[in-house]
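Common to both upcoming complexes is chain A, partnered first by chain B, then by chain C.
Here is the complex of A and B:
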């Protein structure tokens, strides 16, 4: 029965797409599969409505349609399976490299930087070709995607010409001569395919990355991607290389766990990467170029601050069962809040969101538990959310600006509008 | 009825045994589907810490249990009565949904005594055949404690059981149970932190010459990562275990130990709200060919499979076998037949002490937080001249003082009004209890069969339960309760209320969900339903898991032994059966 089914599929494939013969370069295809994993293509290009997780191993992970929130509206990710009409079946490797390198489609129209060509521009031609070969080896999926979903005036793709002039120049990755091969491998992965900066680098009003502040933390439409700088308080300065590797490999380490969009990154991408590449990324992140300008450390709020007192009571009631009275949590299960950079970001959005909505840690083969934090938005007022988050941000050695009820209210309203 | 593609194995019920077997079979490379009649349950989605400790919802209104309208049993005390359906669960509480009763258990995780496994032989050897009265149908398991030990160990390490070994490879260990069978290694985690009541109990019991030790607990004393890589957190002693799901990842259940790995397995699929209505047999009746089930929309499906694993709860296992006409139904008039035979239960009693000068703060507790003694367990003590066999553990547990139902007041207190309120205030923090959890022997006239009158929503006869406490159990309970009173007195109680078990089993008050038997294990196909690997004698590709295997019930909670039997079955299937599928693993 199974054999019969396989034969039927093969016959269908052969008859449907003459261009889609067995790939000539299996090594290249396999390399491309790995590079597509590093690039986490499935994070966006997965078919609308299909479950995430292991999607990268089937064509549906690349059939497009998933809607991506941007400050300018929703963009639907393209179908990048080799379907002739709805996918990229007619593209050449040159076309693909141009999209990756310049953000331009074969017909000359511009892509939006929701597709991170601003980072992918550093991907080598060889790697681009491998990814293309892998994509062309997939089963073509007919999946019509509305690629013009942005409202006026952002639906005018020509505008991107001006945007590119301001914020983008096609460039190639240039190894830093003074750095080790490992560091340079990490830089290539993180700045290129890994496109860490797409989320973690702050953007200006027009959506351009502020290259003066790489990986200093970025707003992500309802999430705040935390700083990855070497800062001890807000960045990952206190994490060892091993701890960074463990985090990317398993989704958690002694400090905390990946949740929200980063859980998807771990589950779909980094957990599938070999340790050498993860270690290279760790080495790169721990040794950024240029001098690190230590952010000024605020004084923690005093315990007698009214918000702190309310927050302490809420924490005692709702949080300490898991995160413990000393904020240390339970290693590799419930994140430590004490000294956790995520608690002390300049923008508390992710923290407030997790309190309101709850969250689930990444689940990986190495760390399959995937523990979750329950939602508290249904039983805490905006004032209470602000108080407990302020308390967490200013206890056990943490120090960060207080959070206002207004911030909680705004995020609550925004989340209420998100249609899942 | 629509027919689905064949699977290597179909599992009926995704609770403790279903999850364990599914994982072991998937690891062996099999394509496995589990059919669960209740809903999906997961800690993250269903057991919010803000709502999980809701006594009204879960403790009183029984949110986690199956609905009697969905399925129930009829019950009677003896065959001269007409059985009536249980319309509100009372004496026992069948679980529902993924995780089964393992979601709402307290977490007492025991091994049975070595003598429990060869009870008939043991009693005959020690006291002579006359010790076993006419009509008592107790039997040996066809399996020894020593043979089951590695599988007990495996289950305990899956769950991270907190305890203190009393017998390591034959060496008696201080602070543990000196009467237990030898264990190959210590418990995976140290005992829980005891409360005040346990310290008083330990001192009193020791003074009286007994041997108290920490109750083996599936509530975590510390964080634990099991051999599958799944992590649990430390228990917070919130006191919401029994009848509740744990929101803190602190109580071992299928959800907190197996499912995170199982659900990731590419060879595994779970279908919830799918109720199996019968097991299908080949025309010669010797091979199970799959199951028929009804989904949430009422659609009937056939799921063919090479192997069927019956992993439902004890009563439902027996019922499905009877409905599917598998195995010879038990006939109490002749004592012949096996399906429905040797139904047993548990015989518990309590002693409550009211103190003037002690504060117990019993609201801070855990399902399996306690100290216990096995001095009057099984055949640890000499039964000569006592007029009964069996025994019980004696435990002082602090497992909850939930505000709606935990209102201990001394005997003689009015049941409502100002005097009751005052007594509640005076005693809420100042009362503590001892409990004996006793064995129940099996009898020719205690059994399960199909009810002639009442049917379920699918038109199938309900299971009928015929059971009462016999003289042996009543005497045992009286004896054990008498042993507990002096302990409570030595603890300093000013007033003591002793409640031994009496005859006349009543379905209304909660007693225990440790229902056993009906598809018992043994070494003889004439007298037992399954062999040591939980394999049906009559249908070798059908395995029946769970407490339905117990030939009689011991003075312990069943889950540890149920888990061990599941791992033994998994070992038999993956290491022997699959090499020669369709063949019996034990020659009759």
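Here is the complex of A and C:
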């Protein structure tokens, strides 16, 4: 009897051993932890219900379930803790690399590009293995996630085979010979693990990234990820390398502050990155390959425009106290609106959203305040929201298309849905 | 022993040190203050058009008449009635203020409190209006040959209000002074409060006294001393230049 018991205990210990064993390569695990930070895995893979910012680097940051809005429906992020049944405890490093590189699971089924394998494909095998070692070092969390939440026909994963044929080819990162090592490091981070393009590159009707217009700005279902091109008006052409580094490091700079989804990126990822890597990204963003086609600058609306007049009155009474009459704001506290590319995107969605429901800047150790702007949706009509946003987009040297009350109404309805 | 460290003091210092050094007592707060998108706390009792919520038509007519004597219309601005003081009072009575929600309303209630003690009555504003106006109506009927307060001449109303204020008019079962002070205070509030609460129609009182309304940044003004302040007043729901305001009851949390 005693022997039987001992055997049972031994069996239990042995079978549990892989999950609880100390990692064999602590250096690799630590490197993987850093790379997972660059990749911002927790942004999506955090356990449903837990605020991603608080998930930190406990296993719950990777237990999956957070629902990601896509134009095709909601996708729930997978559990990537080493739980045998509900996580990736049974995966090998080969399996993991294949998922990162090709977007395919060990059983051969396809992942959706909500998981940015279209960018992660450029991650080196060495880095992929380090991330895998880190994930395997986490405590396994049992967390069943419905991974087939998309409606028909998008729930047919085989469709991704066709999609991949059209929009995806597994590639490896190739350094540009004419560029500095720093630039290439930035390119590797931004195009690969950093997956900036997942949000900031526009997509076509089928959700494929339009590679002809890299980082030109993308629609995010209720947010608009602004252009990161070198354009002075709509991109970050007017930002210096230092200002880009400061933005990624602290969540703000003299021009503005990260809010919305970018605040999460800063809080969970970029603020935890060393300055050298952030500077590499800045150098890469400031010196894009290929010639920059200067976007045609529209004429600002005249001040006599009725929408501009209403907008000016609302701005004076509701916005001016913080953002100042000249739209300059207060550096590192209240974003400058004058000359701010975020104000002049082709799609005003983020701007309308912040007016409707307020916003909060990223809070980082370097800049812990996280100043917030109050919501105005409860006391401005759709017409008034459209007018004040139009005014901001066409004042102090800004110039961008006017916003209609209908756009404000649609976003208001969408946000009301989100809250329910 | 005096001046030296007593045993007791040493003990106290030691325990204070332990308390300060104890890690279990210290908490490390990180991250930003909690914040939710779209979180708003609109004012209580935003007035929306519609029938009286608390007052009866008769009570409202009395209040409008009283408000118009306390603040008569003249060349400077509208009277208390046209400014919407009765609407303000009605909406406030229907809301938390009507029952003094959140006030300490248990006794003891001193019969002759000091002015510094503030409100010392067991009555809620609803009770004061309901019982006080009933007492006033019957007092008027008795003293003025079955007429109503709102039907008296302006001079008669003024005389009566003065007597109430001075405690000379002895109403049956209710203090005229208490009623007068309550109405007087609320009429002033209705006349000067933000229009979002139902009074101060068209921000008329703010225009009259040059109050700028819901603005809070005057750095540009201070930078130009001795120049006339010309900005029009603005309420929580804006001003005419904003275009048509939010329909009452619309909006809310997004």
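Here, the second predicted complex is superposed on the first by the 396 of 420 C-alpha atoms of A that agree within 3 Å, B and C clash if a C-alpha of one lies under 4 Å from a C-alpha of the other, contacts with A are read in each partner's own complex, and residues count from 1 in each chain.
Keep this in mind: a residue touches a chain if its C-beta (ideal position, glycine included) is under 8 Å from a C-beta of that chain, and two chains touch if they have at least 3 such contacts.
Not measured: the values here are computed from a predicted model.
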Using the superposition on chain A, tell me whether chain B and chain C clash or fit. clash
On the A-aligned overlay, A:332 touches which partner chain: chain B = first, chain C = second, or both, or neither? first
For A:416, is the partner it touches chain B (first), chain C (second), both, or none of the two (neither)? second
First (chain B), second (chain C), both or neither: which does A:387 touch? second
Applying the touch criterion given at the start, work out whether A:379 contacts chain B, chain C, both or neither, answering first, second, both or neither. both
Comparing chain B and chain C in the superposed model, the one touching more of chain A is C
Under the stated touch criterion, which partner chain does A:223 make contact with: chain B (first), chain C (second), both, or neither? neither
Between chain B and chain C, whom does A:34 touch in the aligned arrangement: first, second, both, or neither? neither
Considering only the touch criterion stated at the top, classify A:321 as touching first (chain B), second (chain C), both, or neither. both
Partner chain in contact with A:366 - chain B first, chain C second, else both or neither: first
Could you name the one stretch of chain B listed in 506-514, 524-532 or 560-568 that collides with chain C in the superposition? 506-514
After superposition on chain A, the chain A residues reached by both chain B and chain C are 321-322, 358, 360, 363, 368-370, 372, 374-375, 378-379
Can you list the residues on chain C that touch chain A in the complex? 31-33, 35, 37-40, 42, 214-217, 220, 231, 234, 236-239, 241-247, 250-254
Residue ranges of chain A touching chain B (in the complex, touch as defined): 1, 318, 321-322, 330-334, 358, 360, 363, 365-372, 374-376, 378-379
Chain A partner, complex, touching residues on chain B are 5, 43-45, 48-50, 223, 225, 228-234, 236, 238, 247-249, 260-261, 264
Complex interface listing, chain A residues touching chain C: 53-54, 309-310, 313-314, 316-317, 320-322, 325, 356-360, 363, 368-370, 372, 374-375, 377-381, 383-384, 387, 412, 415-416, 419
